[in-house]
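Note that subunit A is present in both complexes that follow, paired respectively with subunit B and with subunit C.
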Partner chain A sequence: MSIIEVTNLTKFYGKSRGIVDVSFSEEEGEIFGFIGPNGAGKSTTIRLLLSLIHPTSGSAKVFGKDVVTHGPEIRRDIGYLPSEVFYYEGMKVIELLKYSASFYGKDCTERLHELSEYMELELNRRISDLSYGNKKKVGIVQGLLHSPKLLFLDEPTSGLDPLMQRKFFDLIRKENARGVTVFFSSHILGEVQRLCNRVGIIREGKIVEISDIRTLQQNNYKKVNVTADGLNPATFDLPGVNNLQTEDGTLHFFFKGDINAVLQKISTIQVADVTIEEPTLEEIFMHYYE
Partner chain B sequence: MNIFLRELKANLKSLLIWSAIIILLIFMAGAKYSAFAGDPEMLKMLDSMPKALLDALSMSAFNLTTISGFYGVMFIYFALMAAIAAAMWGSDSISKEERDKTVEFSLVLPVTRSRVVTAKGLAALVNCVVFVLITWVVSLVAVQSYNPDQVFYNFLALEMQAMFVIELIFLAIGLLLGCAMKQYKRSGSTAVAIILTAYFLSIVSVMNEKLDFLKYFTPFKFFDAAALLQSGKLDATYLLLSAAIIIVCVAAAYWSYNKRDLYI
Partner chain C sequence: MNANIYRHEFRIRLKSVIIWSLALTFLIAFYFAMFPVFADQAALMNELLAKYPPELRAAFGMDNMDLSTVLGFYSFIFMFVQLCLAIQAGNYGFGLVSIEESELTADFLLSKPVSRAQVLTSKLLAALTSLTLTNLVVWVSSFVAIALFRGEHEYEPGTLILLLLSIVIFQLFFLSVGLVISLLVKRVRSVTPYALGLGFGSYVLSAFSGVFGAVALELITPFKHLDAASIVKHAAYDTPLVLLNVAVTLVALAVSYWLYIRRDIPAVS
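Our next item is the complex of A and B:
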């Protein structure tokens, strides 16, 4: 069964564009990555699915129910971690979590403490005293404490330090292994690649591509920088090399294909420095518009 | 129930501040009255003032040297304060969630928007009830030294009932503004603008006979203190009109809040 089913969903805020004609679906147990630059319409899509805003046209179903007419029922089984977390400032962390738990009609106490301990969250601090990263941790616990069947994560890692990011990803994987479906929105390709089975790419409000993560990676470019004395650009005249440029003794190019071919070439010269990195999302988009 | 209780707690500070202001007003008024109390000279001086001015300040109908008369003049100030407080509680309880961006938390919980409006409306209503009771009790304490008669007690009870109805009207208007207005920053100031306009209309309506019809447009004239003192009851027509305003505003509040996009 499709957990999320979006059909020709369109949202305009007055005259300004939110999303246009977006269609996709997500199956049960999937981790679906939703990537695109800021302002592409990622949050708009999520807010439509949570019925915080209403569509201009088109429709969306979650758990097979229409989001406009069945919002509260759907949200019973949804966990949501917004990109920026805002809670009632005057409350203590524990008060807020208990308040949140009180809406789901089941005992979440054990889960609450388990999650807080795992995320190293101090329960007796006031929300207003928390740093951005700590608020995010409250968000993670609050989003998960009622054991939802579907998780919406909107740029979840911003504000978390690398160690916490890793714990967080482990947590999401564990949840997913228990059957939780995850909708993961991000502008960082790397984290989407680490976690997701399938991705949708959104740009200027429209879906550009929906594909398997492996296909995307195979089609993907690596960005290679090589620094060496007396570098000859002709060395890297290989199939799959693109956009070759020399700048201050450093060679930059994009490469698509078997990375071993490049490594072999590199091993033949005396290099001062080498980096091979993921292209930024913008660079991938350039690729999509070639 | 959980939203209601949280809301009560969140509103407590505002209730305490408004209560402190009204208590201060009552005691200051009490101190002022001691200058008027039973002083015929004062009466003469007031009689020599232009009638239009006295009308505007709704002082012409009252004998300021009696405690009932004095409270009659004070009524409009209680009503104004109650109106502003109630409208603020109504509009703020809804719009603050958008202002503080907590709406992305509170409305992702499995609740209907109607349930949120109900809980918040009821919490604001509790504030209104407490506010009237405090005004009532403090008034009783403040005038004890003037040995008020039964007429005063009845009149005060009537005034407090009228004040409560005015609170309900403006609570409903405030709730509607909070629910309907997407520009959450403006709902509070719009509420105050409506109240001041209503107050202005209530002054203008007594200045000229031709403007008498304006009294139907301002809740402050629905329950005129002078009429209350004379008739000893709340006017049924105006009670019906009040009920109609309240019902329409509350219904519109639910309708618009369910329909509109939340501002995030």
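Our next item is the complex of A and C:
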């Protein structure tokens, strides 16, 4: 069963676009990366799945239930870490966490302390006295303390120092190993690459690609560099060639398709150097954004 | 109803309830302490009032008041009590869901496993509890102040009770109208100006309706629906106006639920 199933989901805020015709699904136990620049519709998608906002058209199911009609039931097993964390300023950390735990009808005390200790969170400080990074830690503990089956992480690492980021990733991996499904939204590709099995790329409210992270890197594109004297860029004017650039007698391009076609072309010329490599996710990403 | 939200909401308002209650106690006690003077000089006082233009007397609702009687004098104070209660209730109504949205804690609350209807019901009940506490304090301070300062003057406790019973209707009106307005406008940035506007606005409307004797204005302001001087004078409510008031409250509540359940919670922007 798919944990998340989104079908033609569309959201307009009045006339301005949120997301348009977004469809994807996430299987149990997956870590699904959702990448795109700011304003692409990542948060809108998550907020729709949490029924903080209502779809203009299309539908979304979480745990097989419609998010509009079964919101409270679904949210019992969801943990959510928003991109910007805001909590009741007058409360102490421990009070907020206990308030949060009180909604789930089970004893979360032990886990609360376990997580806070792990994230090095001081429980007796006031929320209003916390730095942004520390508020983020409150968010992490708050999102995990009721042992949810599905985690929504919306740009979770902003504000955390690299050490904490690593701890956080380890934590997410541990949760995932216990069977927790993770929906991870980010605009930082490195972290998506480190953590996710599959990615969806969203741009201007539309999904442009959904694929296995390995497929995305291996099968789709090769980055080809050819160095030779008297190179004519027209030689490589093949279907599947992208981003052809010449620089100091070296030709760079991305290629998608049967690599033999390129090899045949290369064999017709006298080359000084050839490299064919995997593009980084960054480069693939740039490609989608042109 | 969700007990956690209820408790949380009640706690948030506790300080405000205490401040309002103290303020109202002082208001009632200090004003009513002047009653003996007014009562002794009743003839002089009524003579003085008669010299004021009738419009001015009407604006303060004094055309129906006999300041020399316990309840006549009390109904004069009660107008200011009503004004305070209106601002307090309006304040809670406007802030009920808008504060969570402007301070961006709505995301936290609404991503919990509770329905919007549950959230709103818990919040409304918590606010109503807070208002009822203030209400009780008004009851107690009114009875105590009257017992302390009425001297030899008699009064009809039944009428006073009738007057005090109107408070809850009055509070519910401002709570629910405040709430529905906060849901109709796009974003409430600051609650107090709205609450003051609604409270003073309806008070001024009521004063004007006294001046012009216009019927239309009477219909829209709760200060006229539950006019203290008229309740004391007739020892009864003006039933059609009270029913109108309750109807507005109920419609405002129903519309609030309808809007809140469908509301898109604004994100950080």
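Please note the rule applied: the second predicted complex is superposed on the first by the 220 of 290 C-alpha atoms of A that agree within 3 Å, B and C clash if a C-alpha of one lies under 4 Å from a C-alpha of the other, contacts with A are read in each partner's own complex, and residues count from 1 in each chain.
Following the convention adopted for this analysis, a residue touches a chain if its C-beta (ideal position, glycine included) is under 8 Å from a C-beta of that chain, and two chains touch if they have at least 3 such contacts.
Computed from a predicted model, the values in this text were never measured in an experiment.
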{"item": "Combined model on subunit A where subunit B meets subunit C, clash or fit", "value": "clash"}
{"item": "First, second, both or neither for A:50, with subunit B first and subunit C second", "value": "both"}
{"item": "Overlap of subunit C and subunit B interfaces on subunit A (superposed complexes)", "value": "13, 47, 50, 52-54, 71-73, 75-76, 78, 80, 82, 84, 86-90, 99-100, 102-104, 142"}
{"item": "Touching residues (chain side subunit A, partner subunit C) in the complex", "value": "13, 43, 47, 50-54, 71-76, 78, 80, 82-84, 86-90, 99-100, 102-104, 142"}
{"item": "Of all residues in subunit A, those that touch subunit B in their complex", "value": "13, 47, 50, 52-54, 71-73, 75-76, 78, 80, 82, 84-90, 99-100, 102-104, 142"}
{"item": "Sites on subunit B touched by subunit A in the complex", "value": "2, 6, 10, 100-105, 107-112, 259-262, 264"}
{"item": "Residues of subunit C defined as touching subunit A within the complex", "value": "2, 4, 8, 12, 103-108, 110-115, 118, 262, 264-265, 267-268"}
